[in-house]
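The structure follows.
Chains: A, B, C and D, in written order; residue numbering restarts at 1 for each.
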């Protein structure tokens, strides 16, 4: 098994070699546009209307066909508006009390059907997302926005309830601008059933040319809009449910990009003449979450209510080796509920060490004595618990089996409860589990951790399924989110991470890198940790590196009138 | 005619039974239609409850069943929450692909199986008989997904002869001439069909061989020889012809496992057929789509077995009652 | 043991020392052990014996229809119209089967192919041996069905065997055999599976067809009644060997071999007063367990020490009669035994 | 002069014929050998099946003297897992087939002997059960359950597999029903149950035994498929099926992981079908020419 540590260095410089400088501006302005990017993916969007989309693949497509007011930069700085670049709004003006921001829209902006984009569309978009009949999950994230008014046809004024460091990020990042003239009459209770949910009209650089369910989703560069058109002609999402099949398509040249290369296939990519291995940091982390409350009785969990047992079990696990086994060198051991790439990260933070001896000592102290069969018991009760894990996720099943063995070594009898995603989510929200192997994809903003680990999220229906409640942790998070000065924010969050690490409501496992295989003919740019696809509109293929499928396919572009796209 | 009406009525009863059972069973499974998508979305249980109500998926199983029967009467199979389209359109897209895959596989597997069975019977007990027997059996003893993956890797990766799964190369320009499209379809069909044929040919060859050995000892074969008919003609017209009946009858019975087996092959070869549609619908708890798939699948199976009975009755006129040769159970 | 027959010039068919062996799990058995007989043109020879004596197998050897694991031994010779069938190349043998020599089997239910109509199976014989077109062969088949006494033959021709009665199916078999006017008919117990009334009709049909074409017939049966009515000469088989051969009338008048005598005694006669029929004690031994010398010795009423030591040759008695029994040389022993038997009954 | 052979009762005759056929003997010995190997093997294996030796350095070690069949992705000894997995797979398959055959035979006998109307109802139920694709049904049933104990897996597999046997038995019974010896038994006042047990069962047992020997192999293959879909024997317990399923992902870099149990699986299926053939010939010598 080739040690891949040296490969990481190789691949980081590969990033530079294929033309993209770290801050995402294209190396050289390429005149000719054209080319096709075929993304091979196991997943397929559930629908393409932002307010009701729940799948990551749905987000990927929506970022290419809809516009936001402004885009966050690669540094993911969400304080104020410094880190943002104009998109639909060419410029914006803060009110003195910074409780409102006036966005001036790009006059040349057009919907794909040629209708001009107006401030009324921005107002309508907020009204639609926050309409209770739509029951959109993103409504919660726009809680701080009071309303949007259209001062004139090209100026939309956003009014906020409170002044907050991430108020600009909140409105700009969470709100996609939607066409009022097409969505006004849709049945808001059953928005997904509207035909436009599958063949939407946006104002972004690409529009949907064709969606053949279970097979292919084809986006074509839009030329009706005023702004400069996308470099590529086409972006095609080719669907193959089995990851091995999806990866093989890239290796045989039928596709250009695969975003989740398994560690054992990395050597194949690096040695491939036309493929580059592209590693980018992500905002994802995986963990083994303890359920601190006994769901039947409501009282603290007999095992995991006790902080000492949680700390002991944490120290019993050799997380470095587990991460090495599952991800090879393509992930680092997670330090807490945060990743290195986000602004609130505290890279100096040292998690609980791997110390089996102190783990055993702690368990002895807690009264869990080892029996003849080397399993621990306390007044007759066995130290045994279930580990809920989605059987369809290869990485998490692997981690579960590794954890189970390590817990056995300290005398804990673990039973793996493999269940499919539907069963996993329903048991988590019903809090019917002892421990569960979870994964969390964070949003760019610092407030994201509130939705996962604060007491507010511990109530029924929140995502803090383990019901970890620590007022000190909540306080540090709140003041961190409220702090305008980055140094103050980082200090508060550093304190918060120390508290949660000591309380050990979960065993932090891995912070995986995104490992992508990309065809070498592409000049990529604008890859962000939370969205590698953010800059696809600026990706290009130098004319001399074009291959067969890059040839312009006039038949497709011309034949399809924007509205009547075929299914 | 009476027998045909009775068969249709039996078919209808079977379909109704299966559809009702699936309708209830799939709702008993924990999880709900909107839970599976993005595990940590801010899609709180309250929002999910509201969405379920919007698509008529709340309330007791009884009321949901009543609504479904009413909409079924209007020919509407309901709305598929996971593929966001009417169930009928999702199935209409998937069914032709499955029929193409299973249809081609059955035809080739039967022709190959029948021929191999005959070759085995002709060279009874010899080396050829043993080898064919062993090889086809190995094909039957290998797990479907493993064989599919090996065929995929061999055919499209190591040999680079065939496309990596899929039904067709959808990036071909729209104006491509039909021979090009046909060749493209054929190239996509080779590996999945080859995999399915390898899985299917063993039982067919075995049954054909047994049936043929039984028929070769029959009286009428000796009569034909006594009439001076050439040996090859005696074998083909008098022995083989009468030995086809049981094989075709078995085909009718084995149809359901084809739909099931296709789950593995359709997943590995990214084949947008019914097997994959149903499996993904089960994972997504897409109640209406699951019931729709099972309903259409069962109709196919009932029609298939009726067809098989007719063919075997045509092959062997003695089969009058219900497709079984009196006194001679299936070997 | 070899017979001293000289092949009469005008014999249509003559078998010499025909021996058939089977390799079974318990070793090699020879159910047909050196059978020889002749059939003149136009003559009907009946081959009689209890079931298991090898008469059907003997019939099958004539058209080489014995398949593995049975084998016709090297020494056997079967001359049909002067040519030895056993050494004929396949093509020539096939041209004889169904055209010059035809066979009728015992069980009409399984002897006809269930998936082809009666007409098709007859037409097949015609198309195999002649250049007749499909329609010509069909019309000849329908005509033949009419000739064998089937009413509305054009409808019946389209029907499948399982839709016909036993008698009708046998008529189809006969039609199939006669359609090309063969010179030799081999009928293996043609009427055994049928009721007596149909038996008589079919036997008359066979006899008329045979005389009309001057064909000769080998009639295999275990029913002496059938023999008396249809055959000119009779050959009696026991345990794989011919034990007696004679013209019909002579055989019925004075059977020479004790086995034939026993068969006659076991046959109910119209007008005879005896209430109980005398039966032959014991059963026909299976091929693997034949007594060494005279195979009938353990069941023979006259058997004496010589019978269990020395196998009797097939004695020529003149007038075409033979007998495989030592009584031919010591007729006195027959008289003594009958006296004691007479006293006991 | 050899005295005539005494006619042996059918079963001893069948066994005698079976032991005479070389193919059946070889097949039987392969099956017994494998059963013995997996029964005794786990005790003799150098490593425990679930022991993870070193999850960073001993991953996917090719076959060597230390690890005869190499190690898997968890650095567990594949030989130990194949042996312990074999025990589970064979146990699982034989018990599932046993239950499946018993249920199928009972329903088949009942439907066969019952009146026409009851027979039609039962057979429509069987048709309904048989027309649902087995893999999909098991996936829908087992995927949402967090912990599926082995006995539940056996029962669900068995209860979706008895339809073929039921149809076969019913077909045989309805065919034999009309033959004389059943009428004779009726005439002698035998009760319906007695007829079923004494007369029909032995006759039906032949084809049923043949199909069930084949079913053993197919159930193991089915379990492999279920493991690949995530619903087979639960980790970390090994079974040939889940070793193959997990090993398939590393087919290109560590083929030995899935090939070793794959080979055992093929051996079982080949042996089972050869034994099935031998059994059929032994039980019905007259019916079929010696094959």
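As a convention for this text, a residue touches a chain if its C-beta (ideal position, glycine included) is under 8 Å from a C-beta of that chain, and two chains touch if they have at least 3 such contacts.
The structure displayed is predicted, hence computed values, not measured ones.
Undergrad: Name the chain whose C-alpha centroid is most distant from the C-alpha centroid of chain A.
TA: C
Undergrad: Which chain lies at the heart of the structure, taking centres as C-alpha averages?
TA: Looking at where each chain's C-alpha mean falls, the closest to the middle is B.
Undergrad: Rounded to a whole Å, what is the gap between the Cα centroids of chain A and chain D?
TA: One centre to the other, that is 46 Å.
Undergrad: Between chain B and chain C, what is the gap in Å from one C-alpha centre to the other?
TA: So the centre of chain B lies 55 Å away from the centre of chain C.
Undergrad: Indicate the whole-number Å distance between the mean C-alpha point of chain B and the mean C-alpha point of chain D.
TA: Averaging C-alpha atoms per chain gives centres 23 Å apart.
Undergrad: Roughly how far is chain C from chain D, centre to centre by C-alpha average, rounded to an integer in Å?
TA: Going by mean C-alpha positions, chain C sits 52 Å from chain D.
Undergrad: Identify all positions of chain D at which a residue touches two or more other chains, and write them in rising order.
TA: Chain D, residues with two or more chain partners: 143-144, 252.
Undergrad: Among all residues of chain A, which ones touch two or more of the remaining chains?
TA: 244, 392, 420, 422-423, 426-427
Undergrad: Where in chain B do residues touch two or more other chains at once?
TA: 29-31, 149, 153, 283
Undergrad: Residue numbers of chain B touching chain A in their complex, please.
TA: 29-32, 34-47, 50-51, 54-55, 79, 81-85, 90, 93-94, 149, 152-153, 156-157, 160, 163-167, 170-171, 173-175, 267-270, 272, 276-277, 280, 283-285
Undergrad: Flag every residue of chain D that touches chain B in the complex, lowest number first.
TA: The contact residues of chain D facing chain B are 120, 124-125, 127-128, 130-136, 139-141, 143-144, 164, 167-168, 171-172, 174-176, 178-179, 207, 210, 217, 221, 224-225, 228-229, 241, 244-245, 248, 251-252, 258, 262, 265-266, 268-270, 273, 280, 287-291.
Undergrad: Please name which positions on chain A make contact with chain B in the complex.
TA: Checking each residue of chain A against chain B gives 36, 38, 46-47, 54-56, 135-138, 140-141, 189-190, 192-193, 197-198, 210, 212-216, 218, 236, 238-242, 244-246, 248-249, 251-252, 254, 390, 392, 420-429, 438-441, 451-452, 460-463, 549, 553, 555-556, 559.
Undergrad: Considering only the defined contacts, which chain B positions touch chain C in the complex?
TA: 218-220, 222-231, 237-238, 241-242, 315-318
Undergrad: Contact residues on chain D for chain A in the complex?
TA: 50-52, 55-56, 59-60, 73-75, 143-147, 230-231, 234-236, 249-250, 252-253
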